[in-house]
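So the structure is just underneath, and the comments pick up after that.
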Amino acid sequence: MKTALAYQQAGVNPYRPWPARITSILDLTEKEKLFELRIIDDEVRGAFSFDSGQFVELSIFGVGEAPISISSAPSKQGFIELCVREAGDVTSALHAKRCGDIVGIRGPFGRGFPMQEMKGHDVLLVAGGLGIAPLKSLINHIHDERHEFGKVTILYGARNPDEILFRYQFDMWKHRDDFELILTVDVPDDTWTDEVGRVTRLFEMIEIDPKKTYGAICGPPVMYRYVIDEMRRKEMDVDRIYVSFERRMKCGIGKCGHCGVGHQYTCIDGPVFNYWEAMNLQEAI
Amino acid sequence: MFFRIMDRSRMPDLVRGLAAEYEVIGPIAKDGKFVFGKVEDPSDLRLDYDTTLLPPKKLFFPPEEQMMRFRVADNEVVDDEVYAAPRVVFGLHSCDINGLLLMDNVFMRDYEDPYYRARRESTLLVGVSCTSSETCFCNAWGTDEVHWGFDIFLTDLGDRYFVSVQSVKGAELLDRHVESREITSEDTEEFQSVTAAFKDSFSETLDTSQLPLLLDAKFNSPMWDELGDRCLSCGACSMVCPTCYCFDVVDRLAPDQKSGARERRWDSCQFGEFAAVAHGQNFRESRASRVKYRYYHKQWGYLSKFERVLCVGCGRCQRACLAGISPREVVKALETGGVQ
Amino acid sequence: MALLTVEHVARIEGHGTISVEVENGEVRDITMDVVEPARFFESMVVGRRFDEVPLITSRICGICSPNHALTSVKAVEAALGIEVSERTTLMRKLLVYASYLQNHATHLYVFAAPDFVGLPSVFPLAETHPEVVERALRIKKLGNDLTALVGGRPVHPVTAVIGGFTKEPDPWQLGIFADMLREVATDVAETVSLFSAFPVPDFSTTGDMLALRDDKDYAIFDGETVSLEGGWRRPAAEYREFIREEIVAHSNAKHSTVDGRTFMVGSLPRLNISSDLLTPRAKDCLRAARIGIASRNTFHNNVCQAVELVDASERCAGYIEDLLDMGGDTTPVPYAIRAGDGVGASEAPRGTLYHSYSIDDDGLVSDGDVITPTAQNLANLEADMRAFAPTVTDLPREEFLLAIEQLVRAYDPCLSCSVH
Amino acid sequence: MAPRVVVIGLASDFGCQVQMTNIEDHLLEVLGLIDLTYWQLASSGHMPDEYDVAIVEGAATTQEHLDLLRRVRETAGVVIAIGSCAVTGGISAIANAAGIEEGFALVYGERGRVALGRVAPASVVSVIDVDYIVPGCPIDTDEFLHVLSRALHGLRDKTPRQPMCFACKTRENVCFFEKGQLCLGVVTRSGCHARCVTLGRPCTGCRGIAPEANLPAARIVFEDHGFDAERALSYISLYNTNEEVVL
């Protein structure tokens, strides 16, 4: 688990957000934007390193805080990207910000995906809707170190074509042969040439080697059970499947108690859980 | 640890001595009950108290507290200092000292909580032995004893106190402010018999051996629905609990809207929105699931991390709950499968 | 015939419309239509438990709620035969008189003052005369804070219940307020100077004047009803015999008369009847104000309110000292439920307030009656408008209406009270 | 541009508007943030045709009120209902239980053309959608400021939804039920810092029934302490006549 060096020094207040400047904003869909942030303090920025799957607490004083997954790859230095959906107070306030504005971040927090373990294996990534946000970091990471991984399959579903995030990038990737990428939507429009239907339907179209493959899932709460069923049907090992959860959080550091899932806390024990662990967490899936 | 004997009549000396150097907080009377409050005079101190309305956690983790002050324009923290006056909390029972130790695990380990720590470090703890009451069941968890975490502990031997001294500060204070003597073998024997009598005084002993397992095995038991139907979702249980630590965080802007304070306040997993997230999803929508979670977390979640149950058997929640829901009842129901 | 109207007269409490009928430059008729909708408090209390009455009737008026709460408490206590401790009575007086500071300061500075300086509201005054506005806020805040200290909050007291108080303020807090009340002396004295310096029309009210009088203390909370012109003095409990209430067509508030005459209640009548009992500094201020007591000029009501600010600050400090010295207890006294009738009366900032209730054997209210100060004033207010209007008919229309509005505001009417 | 704010009073005792003026310490600062275009209580002038925020106090008791409310909803971007009258009907709504016509007859007899166009008292919340509420009789100035601030920043309504015993506990009060008194804290919406109970008076329910209250469970609590449902409901009806409360 990686944490910003600053927290390991005694006497640093882990609730204190560090000012970070918004260096770019990209409109993805009507409700989602991609923000690029740069921590202003040189020392903190230099010490900030993270794993794919970890999150930060994004702070806008006067409004509040919200946990947001880091979408960029750990290899990208000096900047982090957050893909944020307008869902309430903090996220709307963030959407109202402009380039150059300052917000606060704390983190990174939580347990990310086990990259060391996954290396040398095939990877099957399944995302639903906004669940692509944390997986995007993983995808970019794999892309940056492509030779370290075997076959990479990405299944990504959204409600309609307008809600497909990072489409500009995925459209390019569809033609690459080192990634198998399948997009699907529940409700297509005239321009849609990819798949139609739930993301689980895509499992018919792929072939994986269950003994060599790591799975990673992130999406709306209802999605997990069905996707896991498909993975099990493909005979993947339960302890090679990883799921990333969303829960309410007020601190990000295992104190406020809101993110409890079974006997664990999503913020420090997750948000990425091994499915074997998750199976043993009451109320998790 | 070393031990001394202090004559009962010396108690006011000790309190006055402490008051000369520290703010002294201890059990005082309020409306026929007791609260931890400022002890202005040794006679205010009510060491005969059964339990206090709120546990001492309020002194370290207050119901509402400012975490930091900020400026809106540049999103900067302008102040996150905690001022903690040196003080002594006098007269803690072993359950409450144990409660603090359990809170320490949360607030003083990974990602130390600076607010809690500042207050904790500026405070000396003086424990005092107690007698069991109807609602206590500390004997179920072994929290009727406390072996560390205090500076001084006084065991009442009638005409005198058996004083266990654990910290250097405690030793110095005792030395400076009160006359005491070495213990004799008689004192030790009496200490042992008083302690044994205390242990025998509990009206029942709960069987807690299989709790985590039972909690999982009976996760879908109808007993939770019955409890859920009774629960008022008032959160009283969490407020009065010495080991409940959940909080909510809110930003409050000053009237000019240019600056403000980030504040936290006690929260309860019994409240409907505790586990609600965006897009209408609520992971614990039903009252039953919330009542269940409180016990699940206390007796399994916390245990899985710290090898202790997050309850010290003080019985405060049972006293506070108008619906009469209590850990004792829940533990028994898990054993027998039904709610009375 | 032209009809001039001022709808929803501003800077008064409640909703009222002034209608003036003018024919050939002559004022034919002038009325104050109280359009404030009735809330039927007298019917609300029927069938409710006696101890809910103060909670309900306190909501007749958010401005003088301590008076409504305590006057109904007194009426219920009278019905049940409850005697409270001397300390409780003193605390109640403190609570009521503290609320005067808040009330009079608000009326004088927020409602009345803009008229005298030709502004629509107090807000621009904050820019032109910040020191005046700050002074107003200081007095008002002190009154509020003291009301809150004794009653639990500035509006709708919590602690004042039947039989006593559920909680008393800490002595040290009371002590601080005694000091603050003394410190406000300059502010209140300057208020008298300010308002006595504003020129007012030379005008005499048409009716009688009534107020409570208590020979031992300036009447706030106790006393008998005195008629200035009628020269009589009667127990307040007999109010239904001497005050006649009538329904009038144009107003949701009833009109009142005594001895067939309209009459005025409020600060001016109070001073006319009890100025001998004012505190020394209040007496000095009254002398310096040169309004002459007894004054019959309705417009002097403002100055009298200012004098009462001086009296209230000095007297409340005295009450606090007495409370700190006297000992005793305000814990609600025990009582039994029984059938009975009771009347309570007190002086609210705007005049005498009467409440009466009948309670049955089960402690349920069978009948209730409330007469508020403004309800008593309305008939006299209209009579005054009729008398005053012809003296200002030569003014341009806007100024004419403003002059009439000023007269209305001098009464400090509380229309939601008057309708209730 | 500062948001244009109007303050409208329907049938009420003006207590909540008085509480708004009781922000003495901060009144001038707050006024600096908004363009207060209409506040009948405090200034002369007419209600403008356009405004951004409407703060409404009181219950609707006339047809004129109902029409006004609908106009307000169409005009204002944000509507804030303040006080029990506007939120639950409050004390004003008791008249409903007593019967409006009966009340009218009792107070005015058969005479007069007064109170024409009257309707049964209705809370603002029951007539139009509102964006924010500030419950309480009267409102708490701090809560009002906080809600106003949230409204000005477009943050969502965060009025607490749970009953208030938890707050009572944090103030270390001894429960009234232990003293044999009926307290409505178990079902009443929190957010008042348990002011009344801390001052020694049982909760009278002025903030309305908490959306998360467990009424059947509360009934058991009442009955276990010797208060039958009828008695409890009658007490609850003080501020909640217009709400359907089933214990």
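Note that the chains take the letters A, B, C and D in the order they are written out, and that residue 1 is the start of every chain.
Here is the rule we go by: a residue touches a chain if its C-beta (ideal position, glycine included) is under 8 Å from a C-beta of that chain, and two chains touch if they have at least 3 such contacts.
Not measured: the values here are computed from a predicted model.
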{"item": "For chain B and chain D, chains touching each", "value": "A"}
{"item": "Which of C-D and A-B has more C-beta contact pairs", "value": "C-D"}
{"item": "Most widely separated chain from chain A, with each centre as the mean of CA atoms", "value": "C"}
{"item": "Inter-chain centre distance, chain B versus chain C - centres from mean C-alpha coordinates, in Å", "value": "52"}
{"item": "For chain A paired with chain B, centre-to-centre distance based on mean C-alpha positions, whole Å", "value": "38"}
{"item": "Approximate Å spacing (C-alpha centroids) for the pair chain C, chain D", "value": "25"}
{"item": "Inter-centroid spacing, chain C versus chain A (mean Cα positions, whole Å)", "value": "66"}
{"item": "Of all residues in chain D, the ones touching two or more other chains", "value": "25, 153"}
{"item": "Numbers and ranges of chain B residues touching at least 2 other chains", "value": "253, 257"}
{"item": "Overlap residues in chain A, where contacts from two or more other chains coincide", "value": "62-63, 88"}
{"item": "Touching pairs among all chains present in the structure", "value": "A-B, A-D, B-D, C-D"}
{"item": "Chain C residues within the chain D interface of the complex", "value": "8, 10-11, 13-15, 36-40, 42-44, 46-49, 52, 55-56, 59-63, 65, 106, 110-111, 114, 120-123, 126, 133, 137, 140-141, 144, 152-156, 158-159, 161, 166-167, 247-249, 251-252, 254, 416-417"}
{"item": "Contacting residues of chain D [partner chain B, same complex]", "value": "23, 25-26, 29-30, 32-33, 145-146, 149, 152-153, 161-166, 168-170, 172-175, 177, 185-187, 211-214, 216-218, 220-221"}
{"item": "Complex contact set, residues of chain A against chain D", "value": "62-63, 88-89, 92-93"}
{"item": "Touching residues (chain side chain D, partner chain A) in the complex", "value": "153-156"}
{"item": "Interface residues, chain B side, partner chain D - complex", "value": "30-33, 35, 53-54, 58, 63-64, 229-236, 238-240, 252-253, 255-257, 266, 268, 270-273, 287, 320, 322-323"}
